[in-house]
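Here chain A shows up in two complexes: once beside chain B, once beside chain C.
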Partner chain A sequence: MRRKATYIFPRMGYSYAAFESFFQILGYDVITPDPSNSQTLKRGVSNSPEGMCFPFKILLGQFMKVLEENPDKYFKIVSLESYGPCRFGYYSPLYSKILKDRGLNNFEIVNVEGIYPPWYKGIPRFFKKLIKLVGWHAPWTGIRAFVIAGWKVYAIEELERKLYHLIPREKITGSTEKAFKRAFERIHHAPNKVRAVKKILAEELERMDSVEHVEDLDLPKIGLVGEAYMLMDYSNNLEIEKKLAYMGVDVDRSLWVTNWTLDRIIRAKKHLNHMSEVNKGYLDFFIGGDGQESVMNTILYKQKGFDGVIQVQPFGCLPETAAKQILSKVSKDYDIPVLSLSFDEQTGEAGFITRLEAFVDMIKERKLSKSGTREKKSTAVVSH
Partner chain B sequence: MKIGIPRGLYFYVYYPMWYGFFESLGHDMVLSVPTNKTILNLGVSNAVDDICISVKVYHGHVKYLLDKKDVDYVFVPRVVSEDKYKYTCSKLAAMPDLIKSVFSKDADRILSVNMYMNQGRKPLFDAFGEIGRKLGASVKNVKKAVKEAVIYQEKATNCLRNGHNFIEVVRNIRNLDDLLDKPVKERQYKVALAGFPYDIYDSYMNGDVIKRLEEADVRVVVTDMLNPKVYKKYTKYMIKDLFWHQANVAAKGGMYYMDSPDIDGVITISSFNCGIGAIYEKLLDLYSKETGKPLMHIVVDEQTGDAGLVTRIEAFIDLIRVKKGDGLVAS
Partner chain C sequence: MAKKMALGIDVGSVTTKLVFIDENDEVLEGLYIRTKGNPIITIKHGMVEAYETLKKNYGEIEIIAVGTTGSGRQLAGVVVGADMVKNEISAHAYAATREVPDVSTIFEIGGQDSKIIFIRNGAIVDFAMNTVCAAGTGSFLDHQAERIGIPIEEFGDYSLRAKNPVRIAGRCTVFAESDMIHKQQMGATSEDIIAGLSESLVRNYLNNLARGKELLPTFVFQGGVSENIGIVKAFERTVGHEVIVPKNNKIMGAWGVAMLAKREIEITGKTTNFKGFKITEVKHDTRVFYCDGCANNCEIYEVIENGETLAYWGDRCGRWSNKITSKVSSHATQAKSNTK
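After this line comes the complex of A and B, so read on.
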């Protein structure tokens, strides 16, 4: 007997709206886990191995909460993974072992993984997994689901970029955020048609632009680099982008769902070549995760004229720790301040804000002294 | 020329090979001293703060050798892969870059090369050929040296399979044939150590766990003594192979030892913030629930005090004694 399955997927920032519609188009029930909070974290932390990376604990907690709250339903947990030096590649076997050990049996894991060698085994495995994810549908239904989800992701990211651009420039505090919330809800519940998504996006971008603001301000610019999941999910990084934006900083994030997908899957070769060219002499060897990207983006940010870089990483992340050590050299050689923030379950909000404020103050001071309005001070490099 | 070899990380796996190679080319080798307080402090002060302790210690060894002015090169290989499709962790894959980023003044004295182990002779010839070119050796001599190196590594592997641990191999590197014939002393109990060789054999870091166990009349076996063929079947339990070769050895070897009736208990040794350790420890945890074999985790960090560790080892031995019906040791 086939049981009707409900899908759950890892929630990542605002992009969950797009993933939800992906499964809805395919005709499945879907439950979005709560954003990471004390309840999910408690479950995750107490059931995962102590030294495991923070994203694993967050996701385990989120899945566990959903499974515990709906014991009568049967779930399919979608887990994206790969086979690489990052521990991300071994998430799903551990999920299934730990959840079964806790006595939860109402689930099955659908892992979508990239093609990894040996090729003759990898390619059939990839298609088998893809079919398991999408199910037996007409191919155009699957393609339509991918296209519409892609458009929604793109629309949400455009709105988010607008949001962080406008917050430091707005006249009435909070007015942009209000407009963004409305816009996001409209995209979230938009009919599943490309034309409708496009139309709503254009309308809402215009509406956000009409929020009262001063456009031509010369603000200090900070780039965010680091581990993808921590960067992209606002509940994990304690809304670092919004906080920086409210401190009066032009903030730019280096990884988005769209450019991540493009760089890692669609134009992977070009991306790798570019990366090894930029990173020459620093970290020109594949180490998995987003370690190399962190180094590359820091250098690129400097070349684009940014004033500082913040590295966001979960505590004990393998590639990011390696990148952190190399970033301190990059910071010296390229004369750009880099702040490394590592997050774990103990990260308190107050201390976090203080450190951000100190960094932003330092950046502003540097900017002033560089433009000649203040006397020159010695270079400060903040690293934790 | 004098080549410095840091006593850390893959030293504890591939030292015989490196020894054979440099010896055959006629270079002197300078080993750093076994880890001590000075080395540890050098490492901790130079490496980034949240990297694992084994890597910090390695930084210390490299710095120790770089500080010796008569050492021409320090050998810091990038061991990329140790088996087909099995690689090393990100931190180790970035090792020469990490070292060069910290000791940028001495970057020219660092001899690094990408190594692909256990995948036939060709990658070895490529890697060692590159080193040979840098050291100014002829192609013919390099070829001869690589063959020598492979023989040394094979001999060392045979010694390990016979039950000698790697410390003995390093000590008897000049006459491995004698070591091979030497019988291994059997003792009352048998305990298996699972983990990465560089955590298990670094006696300063792990409070000399091997010696302490031997003092309590326990014969110690280590996961790297096993032939990979015997634990192949455990992939099924693990659902899929781990990406890292050493973690596979630790996890599957540990499971194999848990299933063997003559082993009384398993101890895992890992370094704090290792990352991969968390995965194989969890797998062994779950497996020990099924088999009921005693299991203890020792996590090493720069603050490890000896006293706490001794108590834990004693408690573990007591547990084994009670389980076997021998009673507690009268104290």
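After this line comes the complex of A and C, so read on.
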């Protein structure tokens, strides 16, 4: 007899709340791994090949901790899969091998992947994997799970956008964050009904808006590009968005769970065409990961009138390293400053903050010199 | 009437710099002290020393603005009561443009970090900082001087006397050292080795930081390592142009932040947060502990003045740092009000 499986999935920023609901609606137990901390990182780093991508190490550590702490449960680990050319494609077999070598056998790995052309092979493949992932359910339950999880992801992202919009404008430092935490918890524990999620979202957005703030500020705008996982998970990018927001910057992230999933799974073809059009002459072919997206979004940010771009790159990431070199050309041709930051378990927070501050100073300076006034203004130092 | 001055403090990894400037931004007193692992005590010693000299030369003094920079800027800022806490890149660039207005490229090499800053029309347009490697920074040169047995101050002169600089692998400090030992054992003179080391350090610095960037004159070289004439010459040979070492080369960061703080006070019209020279008599403690609030296990740093907590930092969620929001967040609100 098959044991009842508990699901674990990669934790990405705040979106975990939605994924939890997804599996709960389907009637499964689910455990959310801890955000990256010294314990998970230690496990992940010491059990991975040294030159492996940083996200792999992070996730391995998080999964390992859950498996070790619950030896009596049987887990299904949800993993994302892509077809090369970068090492992302090897994540699942490697997890499986390393975890088994460590004597952990209470799991199996299930993959999610996009629909790849040609469609007549891609679509059946997609559904086959999907059934393996969630098991057989009444179509209605499956659709309901997708719709509600989708709404929750959307709601959380709306709240996050609001948070980063309001932080540089708030009058009392920390008041927006407090409101956001409350709002997030309400969405997290919202009843699994679309109407309830919608209602809570509307209420909480209004509540966040009522935080004392100055709305019409012309702040410098910085866009974030880079590898999706590092970008979306605040515990791994040292909360770069929040830090920038506290420095008085309008910060925008290029990849969110919603647009990333849609672009990868549903609008794949359209997305790729759009990308090769924008990237013409720079990086108009697929190199794996999100390297191509980084280049595209930098160009798009420039066109949208942003003042600077920061590339968030996990140490040892092949596509991002390739993109980094191309970005220095993009930066020159399009006249937009680009700062590349690479993250791994050794990243020191002090050096990171110094670079961010200097970059923000530079952006503010450029913005002022463009608008004619050369009077310098200071950057906030927030000691989080 | 008391002489008005602004103070700039640059707490670096190896040395601490204190600069007092007058109302025309001229340096009245500049101190360059080894941090020796205890920034608070070093700052206090420096302030006592500077106070005596200044008092002798100018009589009564009044500090109108204080700025801190360098890797220890937050700590220094809390201890002395700074009006501005600024990253070292902006501070260095500001000082360099003040000294050499048409500067385009700034090389800055300090105790443990090296940076390159690109300036166009007086504003920073790009910068890079060493990330994973400290090859070629002051600490490494210090260590090598000690190993070869010559004082670091004479390092530059040695390299100028070299006849045939040897090639040293400069990509990594550890390999550079093995290579130097090897060349020594092969019979190369200290002069040739030091000259070779200077060359390879400059090559490594430019490879790491200036890759794919356009190096335009005027060049300015500052930071502790710019004292070393051998490295300056190596830079000149590599870029093929004169490299200016400004007169306050070792204390540029502190000077820059002193000017920035002074201007900030002038623009906003606020009075300084400076706690006065009496802080040298106050007892300061620091404490590190792990927060047990959640799975993040943040390392929390606490600064205590006479038993009262001045600041916390290191927490991600604000559980500790928000406890004394009223005192610390003034920076944030200040900056925000400035942008309005």
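As a working rule, the second predicted complex is superposed on the first by the 361 of 384 C-alpha atoms of A that agree within 3 Å, B and C clash if a C-alpha of one lies under 4 Å from a C-alpha of the other, contacts with A are read in each partner's own complex, and residues count from 1 in each chain.
What we mean here is this: a contact is a pair of C-beta atoms (placed from the backbone, for glycine too) under 8 Å apart; a residue touches a chain by one contact, two chains touch by 3 or more.
Quantities reported herein were computed from a predicted structural model and do not represent experimental measurements.
**Student:** First (chain B), second (chain C), both or neither: which does A:150 touch?
**Tutor:** Neither partner.
**Student:** Looking at A:96, would you say it contacts chain B, chain C, both, or neither? Reply first, second, both or neither.
**Tutor:** First partner only, chain B.
**Student:** Could you tell me if A:122 is touching chain B, chain C, both of them or neither one (first, second, both, neither)?
**Tutor:** In the superposition, A:122 contacts neither chain B nor chain C.
**Student:** I'd like to know which partner A:135 touches here: chain B for first, chain C for second, both or neither.
**Tutor:** In the superposed model, A:135 contacts neither chain B nor chain C.
**Student:** Regarding the shared-chain residue A:325, is it in contact with chain B (first), chain C (second), both, or neither?
**Tutor:** both
**Student:** So, does A:282 touch the first partner chain B, the second partner chain C, both, or neither?
**Tutor:** first
**Student:** Report, in rising order, the residues of chain A that make contact with chain B in one complex and with chain C in the other.
**Tutor:** Residues common to the chain A contacts of chain C and of chain B are 325, 328, 342, 384, listed in rising order.
**Student:** Going by the contact rule set out above, which residues of chain A touch chain C in the complex?
**Tutor:** 34-35, 37-39, 168-169, 171, 173-174, 177, 214, 217, 219, 235, 239, 246-248, 325, 328, 337, 342, 346, 350-351, 353-355, 357-359, 361-362, 364-366, 369, 375-384
**Student:** In their complex, what parts of chain A are in touch with chain B?
**Tutor:** Its residues touching chain B are 48-53, 83-87, 89-90, 92-94, 96-98, 101, 116-118, 282-289, 291, 315-319, 321-322, 324-326, 328-329, 342, 384.
**Student:** Could you list, by residue number, the parts of chain C that touch chain A in their complex?
**Tutor:** 71, 73-74, 77, 84-90, 113, 121, 123-127, 129, 131-132, 212-213, 260, 263-264, 267, 295-297, 311-316, 318, 321-322, 325, 328-329, 331-336, 338-340
**Student:** Can you list the chain B residues touching chain A in their complex?
**Tutor:** On the chain B side, the touching residues are 47-51, 78, 80, 85, 87-91, 93-94, 97-98, 101-102, 104, 114, 238-240, 242-244, 270, 272-279, 281-283, 285-286, 289, 299.
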